[in-house]
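Note that the chains are named A, B, C and D in the order they appear, and that numbering of residues resets to 1 at the start of each chain.
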Amino acid sequence: MSNDTITVDQLTDWLTRFRDLVTEQVSYLTELDSAIGDADHGSNMTRGMGAVVEKIHASPAGTVDELFKGAGMTLVTSVGGASGPLYGTFFLRIGTTAGPRTSLDAPGLAAALRAGLGGVVARGKAEAGDKTMFDVLSPALAAFDAAVDVSSDLSTAAHAAYFAAQTGRDATRALLARKGRASYLGERSIGHIDPGAASTALLFQALVETLGEE
Amino acid sequence: MSNDTITVDQLTDWLTRFRDLVTEQVSYLTELDSAIGDADHGSNMTRGMGAVVEKIHASPAGTVDELFKGAGMTLVTSVGGASGPLYGTFFLRIGTTAGPRTSLDAPGLAAALRAGLGGVVARGKAEAGDKTMFDVLSPALAAFDAAVDVSSDLSTAAHAAYFAAQTGRDATRALLARKGRASYLGERSIGHIDPGAASTALLFQALVETLGEE
Amino acid sequence: MKKLVNDPKNVVNEAVAGFGAAHADLVRVSADPIFIVRKDAPVAGKVGIVSGGGSGHEPMHGGFVGPGMLDAAVPGPVFTSPTPDPILAATKAVDGGAGVLHIVKNYTGDVLNFETAADLAAADGVEVRSVLVNDDVAVKDSLYTAGRRGVAGTVLVEKIAGAAADRGDDLESVALVAERVIGQVRSMGVALTPCVVPHAGQPSFTLAEDEIEIGIGIHGEPGRERIKLEPADAIVDRLLGPILDDIPFVAGDKVLLLVNGMGGTPQVELYIVFRRAAEVLAERGIEVTRTLVGNFTTSLEMQGMSITVLKLDDELTTLWDAPVQTAALRWGR
Amino acid sequence: MKKLVNDPKNVVNEAVAGFGAAHADLVRVSADPIFIVRKDAPVAGKVGIVSGGGSGHEPMHGGFVGPGMLDAAVPGPVFTSPTPDPILAATKAVDGGAGVLHIVKNYTGDVLNFETAADLAAADGVEVRSVLVNDDVAVKDSLYTAGRRGVAGTVLVEKIAGAAADRGDDLESVALVAERVIGQVRSMGVALTPCVVPHAGQPSFTLAEDEIEIGIGIHGEPGRERIKLEPADAIVDRLLGPILDDIPFVAGDKVLLLVNGMGGTPQVELYIVFRRAAEVLAERGIEVTRTLVGNFTTSLEMQGMSITVLKLDDELTTLWDAPVQTAALRWGR
């Protein structure tokens, strides 16, 4: 299997692995949210991704836009809260940007992901350092883009993104929250990893798993 | 001091001693009421008799009816609950029956007390064995009357009444309540002394203390 | 005990003062003796309606003072009947020349103190009639008890008697319609947690973390039995059974269904209870034509609720629907 | 945790079903997706008003659906914003051709989900305007947070916007009057005990037997500080200070004073609070011309309350006084 493109089946596998990871780590995510939020991020993501994967299995997607628009809509209509619309928009924009293809090459996936991030920002208005999922998505995509600039290998790019994602996630610990529920805590939000940042890191872990070794 | 009559001052002393006894035994009375009622009989009686004695001290009564009508009205307007109107009527009727005298002889006090009991029954409709203050008042007055029939000595009559009162109080333990709050308990009211019966026994203890040895 | 109070001794007078300030458009309050009357009392030619009892059951009774319902409410200390003097003062304050009806919940203390007040009012030339509300089927009605307790059905008696007085019925007729409601209304409650009387500072009773008291009284008096917590639907069935069997309510009856919160239970739970109660009544062929859901006859912060069913006829329905303008119950104006 | 529920997963749908059954004269409910609309929706030519958010704050918002207030309420799961689909469905169901106003409490989840619904409604040809309620002064309003939270002031926004729509204002005007209320209303609350989310089964936070949380959010979010229990009057002073200093409210202002129960606090306590709050306002020369006391924006069974002050002018007063006919707020008809 070439690592220069990613097929709809592989992208489906990505989403399935993401579902598996948030399900596996449901209590970890909820614990993070109970420290600075309302203790539902784990169950929100598990419920949402569970619904996404169930729908895909019931009627598998033929094209990339079908897959991600479906996933985005399902998240939007099954999660609620802040993460539902944010992750939902992220996937929706990936879908609309990718269009009715059956696979994506590295620049194609990079562009789609960047559009997804644009959707998150359009919705949530988060900036760097606000202690949100943005603080993982943004450095991860920057690393992905940089890797794609020098190589067409998706696996390499995914590894680079995941590494940056982990760093971004851990860096949220020191931040003072300025968006979402955690911002009500002011100073008291410092010292805790942001739950949305943690789930977003899992998204890149899942991509690495899907694409396999470099 | 002759024991053939009781003066307004002695009657005032009786009420004062009754106030002292219920105050002393406030937690005992409340404990009894908490087992089968609403845990306020001690504070009800203490508050009521406290007000009675305070009023008497502020303006001492010249006649028996003045004393007891005043005490009755004070109880009625300061206690509330069941015991306020019942004890209040008891004293009111004693006052109206005794009339504007400055002392009572044994038959006079016996008649006044019986009228008081009549008031309690008129108000509360209690019968023998209903597990109320009636079960102390009734045997105590029967003993008082019997003593008065054979002797004009009030102290003898008071002792006889107090003895009967204690027996009556203790006998309420085995009874199933049919009046007042305790009646809601049904079978579960058995095994507890009635709080009103206990306070009424204190009334006769106070009379004994006022009249001294036979 | 955590409560929003200052000196526990001042709970009732401060609350009544606050009530008067908050609802100055509807009521006037007397601070000593403590009672609440509708702003325009006495209403000449109208039968006055007075109710009262221990505090801690709010909005009952102060929340029901106003056009179409009570002319006066007399709040005693928490869970303790008022003495006759404020009842007498309230009775005189609302006598518009057509006499006054006392609506009394059947507790010995309330009965005796209202009785005394009625005697004194009569001596002062005010015609008084009294009715005793005793809707609680948790307590056996027999010659051998003080009789059934008065609970949330009292609200329905007060509303309907109020409407009868409002339309100009004379004292005898208002008393008769109140008696008719009393004859046709039955209730039963459940407690999940106890209440704490402010000056006592201790829970009035204790329930284990998995226990509930079926048939609880509104002062925390014990009920029929203490059982393990069950699903809401099962609890509703336990309460409705004795209620419906009592009169009994039968297929074809039209009824008012009241789900009353005890003070500390969230509204979502009351509506879950309502849903099941309406379902059971429908199964039995009993038609719910009027409804009321909320905290009306409470027991301080107790968690729990009671269900009340009133058999309606055309007249009672018309009187129920008549305008009412009070702090806690309001429609039609 | 003791609650009157069946399966915790069914709390919202069972409660909404019960609400629909209890208030069939006022509302219709949709079971899937879950929303509540006034019975006669859509009202042709009238601006529709939709609010919603997580459940557990009842009577907000379902209890405010009816003539003169909301056209629809969209209850999400307990303490969780609804998704856009029920909001969209409710928006379409109440569009009478004059557009729809969304009244949204300022929480990221609510904001995003209502925003999405508004986009989708616009795509379907329904004109939508949104206003964000953010009256809670416990949280600093700054560029560096999600902004102040929306709490009990929401009730006043909904009532007044509802009255504006009822008198025939167009969408722009209704939105403007809602914004005006939002600009002039401030709130702050206190918790004595935590609430328990049914599917969580655990208290949302813990307070020691002598601790209270000043500035609590309506989902149990932390506030400004945790202090030892104090007398009611001192607590009132702590809440009113930041409220009055915020806009600020000054001598000569006419205001509406709302004392809102969090769900588990007895009414006597709310009136003790009201009494002190009215006293403080009077001392400052601020005139309380309208009042509201009761459980309106609750947090399940939490014990505690919030104080809300709204600066009134003639127009807002007229709109406040206008008739309203809902399950939880009703006057004038």
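Everything below uses one rule, namely that a residue touches a chain if its C-beta (ideal position, glycine included) is under 8 Å from a C-beta of that chain, and two chains touch if they have at least 3 such contacts.
According to UniProt, the chain labels map to these proteins: A, B = Dihydroxyacetone kinase subunit L; C, D = phosphoenolpyruvate--glycerone phosphotransferase.
What you see is a predicted model; the values in this text were computed from it and never measured.
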Given chain A and chain C, the chains that contact each of them:
D
Averaging each chain's C-alpha atoms to get its centre, pick out the one most distant from chain D.
B
Centroid spacing, where centroids are CA-atom means, of chain A and chain D in whole angstrom
33
Could you work out how far the Cα centre of chain A sits from that of chain B, in whole Å?
82
Approximately how many whole Å separate the CA-defined centres of chain C and chain D?
29
Distance between the CA centroids of chain B and chain D (whole Å) is 57
Check: chain B positions touching at least 2 other chains come out as none
Hunt down the residues of chain C that sit against at least two other chains at once, touch-wise.
none
Chain pairs that touch, by label, are A-D, B-C, C-D
Write out the stretch or stretches of chain D touching chain C in their complex.
2-7, 11-12, 14-19, 21-23, 55-56, 58-59, 63, 78, 192-193, 209-210, 212, 229, 231-233, 235, 259, 263-276, 278, 288, 291, 293, 295, 298, 300-301, 303-305, 325, 327, 330-333
Chain D residues touching chain A - in the complex, by the definition given at the top
76-77, 79-85, 107-109, 112-113, 115-116, 139-140, 144-146, 149, 200, 204, 217, 219, 221-222
So in the complex, which bits of chain A are touching chain D?
38-40, 76-82, 84-86, 88-89, 123-124, 176-181, 183-186, 188
